[in-house]
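Shared between the two complexes below is chain A, which pairs with chain B and chain C, respectively.
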Partner chain A sequence: MGFKDFISERWQIIKINTVETFMLQLSSIFENWIVLITSFFFVIINILFINVLFTNVSTIATYTKDQMILFSLIGNLSFFINIAWSADNMASLIYGVNKGDLDLILSKPLPSLFYVTFRKIDIFLFVKGFVPGAIAYIVIIKWFSLNITFESCLAAIVIFIAGQIALNFFQFLCVIPVFFRGSAEQLMSLSWAFEYNLGRMIPLEGLDKFFRILFITLIPVMISTGLTTSVLLNKSDLLLSILFSIVVSIVFILIKILLWKFALKNYTSASS
Partner chain B sequence: MDIVIFTIKRFVEVIFLIVFWGAVSNGSNLDLKTLTSYFLISGGVAELIMINNLPVGDGIKGNVRTGQLSNDIIKPISIFLAQYAAKLGSRVLIPVTSIIMIIVGIILIGNITLFGYLYFFIALIIAMFLSYSFNLLLGCLYLITTSTYSGITSIINQSIKFFSGALVPIYFFPDGLRQIIEFLPFNFMIYAPTTALLEKSLNNVIVKNVCISLVWSLVLLVISIYLWKKSLKKYEAYGI
Partner chain C sequence: MNIIEINNLNKQFKITIRKNWIKSIFKSEYKIKKAVDNVSFTVKKGESVAFLGPNGAGKTTTTKMMTGLIYPTSGEISVLGFKPQDRNKEFLMKIGLVMGNKTGLNWDLTARQTFSIYQKIYKIPIEKYKSRLDKLSKLLNVDEHLDTPVRKLSLGERMKLELIGAILHDPEILFLDEPTIGLDIISKQNIRKFLREIQKDHGITLILTSHDMDDIELVCDRVLVINNGQLVFDNTIDYLKSNYNKDKYVKFYFDSIQDLDLNSYGEIYEQKDASITYKVAPTSLPQLISSFTSKNNVIDIDINSTPLEEMIKEIYEKK
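Here is the complex of A and B:
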């Protein structure tokens, strides 16, 4: 298979899965409104939370109120992008292994790892979940008080993408035990606990050096949130952070491929 | 194994909350030791009374989705109590870790009077009734809407977390907002039992708080049981 076919095949998978997920999401009007309302409500609570904190302190881990709101916005972006392309697919993989759904995928002439990674791409969920809240964040933040440059913006985008790859790897790592012991739901929910309670709440500068390195390498939940915000605000070295994120994400992709091959070797089909 | 991971998860959540407050208190005049004991006790209380993520009410959602509820309805059992028992069984390690967290928090505070323990115990029982009602109300919502989207739990859970003092101690709130929150039922689920330990002797504020929380627990219990019965009648099962 040439490079062109390689790309074309994967593009087709992404395109078809995106459209299919979009059509599926459109069918549940009630659920769509609930997602919109709950997500917006969550943002309001978050902003209120930050406001309450800053009535008692002037900075949190060197972050001012506007910087914390920006961190919260990026945390929200990371959450919804991750939900839209990664978390649901990883949860589906657990189901697929247990119910024999994976057999069907493996029997098709498809790049299986790529397919299970991008099985659902829920752009609509991202739009209804993230956008209304993002507007509230954008209106509230006093942008002129933030030290954001064009370079830091570009660097933050690259690091954010690398962070999403890393987060997907971490979730994949939590799901892999399903091949060996039949369940991984609690591990998956543990990965959420890390992402939600650490990645979205504590700025990178709020941790000491050891934990900073831990949570952007072995448990990479802070790359797409803490590190991205830190770089965007010019609090971290741009080039070093970009280089680090790219290297980490490439290493994670390679490990993921190896783990997938290993898991499939040990995979005992659930169906007959 | 899953029970152990679940317990670790809850422990991790509380640890990160303390780390977060460590970052908040760093460079300010807030006392990290007091905050740590607060979040250890409040985290333990939240799990003991089963208000964190409303597991029982949320369990109804699962039963609606799988159709299990339709099977349960025809059995001569109380569906909600059965769900409560099932959740207790699946979280067997949680009460143990919750009690450990509370004990560590108490040790950190030190110098707690007998009255403090007694008031904590009373506040905890009232909190359990309130939590029961909130779980029941969430179950009603899932019965009425037959929705399986976790957002409903999430929105209620976030409100409870924020207004009950699970995320921020109520004394952090600005005066106006704090005075309103002090009258809401959320306050009596986590903040009241947690701070009860600090009380030394009976006073008017304690009497007032106990009275308000008793009224809330009674009113919410009656409303939630009434709505639960109504929603069971209105529940439309799908499937055969």
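Here is the complex of A and C:
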């Protein structure tokens, strides 16, 4: 298979799965709107909390109030992109292995790892969850006070994408024991706790060097949030950060492929 | 021409044992279960082959190895010239799989919506896809259900649509794992008839696992009996029927027994509080029913073929 076919096949899968998820959402269009209200209130409470924090101080961990709100905006973007494609797919993988539904994917001519990674792409959920809150953040931030350049924007986009790949890898790592032990829900919750409580809450500069390295390498929950914001605000070296993120995400993809092959060798398929 | 060649195939599973709850937290104990034990056979193109065996015999595990879902522990498998466990795309394009208790159709979508996804996955030309879907859905009488969400369909309708999904891309081999499980008698008959038709008309090779003797009799020409992971019988369905499925098992349900000499009617196979089962030759069947019902207050009667367990016992005895 040539490179063009390789890309074309994967693009087809993304298109098919996006349409399928969209059709699924349409079949229950009046449900799940509660996510819109919940996420909007989260954003309002988050903005109020930041206001309280900055009542008597002008910076926290070198971040001004507007920079902190920008960090929250990026944290929210990372969170909703992650749940719109990665987290739900990893939960489906646990279910698929336990119930044997994975059999019906493995018996089709599909690149199985890519397919299970992008089985659901929930654009509806992303729009409902992210957009209303994002508007609130965007309106409140005093953009002229932020040191954002065109280069830092481009670098932040690359790092954000690499960060999402890394985050997906970390969740995949937590899910893979399901092939050997039959369960992985608790580990999945652990990855969720790291991402939710750390990735979205503390800027990179708020941590000491050891934890900074830890949370952008072994537990990569801060690449798409803390590191992305830091680069966007020109607080970190752009080139070095891009290079680092790309290398980390490539290494993670390679490990993921190897782990998948190993997992399939040990797949016992739920009995019928 | 052989399209499936299997030599000395083995599959072992490591099963966790939890005898002591406290100990199992610190150290897991395992036992090895031989699910498939040194199985060898070949299948020719266009054959219709059944795997027959009780639950846990190893028939589904063998099918899963032939479709590449699980890796064999040892031995060789070649299906259509491919090693199934390599999951080669060309190989997967040529097979179809139906599992009676798993759904390939998306529960919340209509079957047509899922089929249009299959059309893209299998790269079926759009005109061919439309005509094939039209033909198959009419043949199975489910054309009116194509646009109903799958969750609203009955099990029988869903299974017919599952079958269509598995053969839309015109596979060379169709693997069916208990395709009629849980279905009513009419749905079972329709599916059996359909499978026979596609096997005869399209030359598709059928590999069917079941513990329902009727599935096998009506759909397959050859039967492989698997028990405890071992292949104990490999011959035609006619040979199996004439040698091992000779008797009928007649079960009478009653309120009370008037005639206490129950042995006078024939060989008693099983006796319970409110039922009695006789093992008889098919020719003695009318005589048995007539004499038993005339002397006893019978509520209901079941007539069955030789139970699978009996057949396997007999196969072992003859060996």
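Operating definition for what follows: the second predicted complex is superposed on the first by the 266 of 272 C-alpha atoms of A that agree within 3 Å, B and C clash if a C-alpha of one lies under 4 Å from a C-alpha of the other, contacts with A are read in each partner's own complex, and residues count from 1 in each chain.
Rule of thumb we're sticking to: a residue touches a chain if its C-beta (ideal position, glycine included) is under 8 Å from a C-beta of that chain, and two chains touch if they have at least 3 such contacts.
Note that the structure is a prediction, hence the values are computed from the model and not measured.
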Contacts of A:E20 with chain B and chain C, given as first, second, both or neither: second
Touching partner for A:I138 - first (chain B), second (chain C), both, neither: neither
Which of chain B and chain C A:S112 touches, first, second, both or neither: second
Which of chain B and chain C A:D101 touches, first, second, both or neither: second
Superposition-derived comparison: chain B or chain C, residues of chain A touched: B
First, second, both or neither for A:S269, with chain B first and chain C second: second
Which superposed partner A:A61 touches (first chain B, second chain C, both, neither): first
Which superposed partner A:L240 touches (first chain B, second chain C, both, neither): neither
Doubly contacted chain A residues - partners chain C and chain B: none
Contact footprint of chain B on chain A as seen in their complex: 30-31, 34-35, 37-39, 41-42, 45, 48-49, 52-53, 55-61, 181, 183, 185-187, 189-190, 193-194, 197-198, 201-203, 206-207
Touching residues (chain side chain B, partner chain A) in the complex: 1-2, 5-6, 8-9, 12-13, 16-17, 19-20, 22-28, 30, 145, 147, 149, 151-152, 154-155, 158-159, 162, 167-168, 172-174, 177
Residues on chain C engaged by chain A in the complex (per definition of touch): 13, 60, 64, 67-71, 87, 89-90, 92-93, 95, 97, 99-104, 106, 108-109, 113, 117, 120-122, 149, 177-178
Interface residues, chain A side, partner chain C - complex: 12, 16, 20, 23-24, 27-28, 99-101, 103-104, 106-110, 112, 264-265, 267-269, 271-272
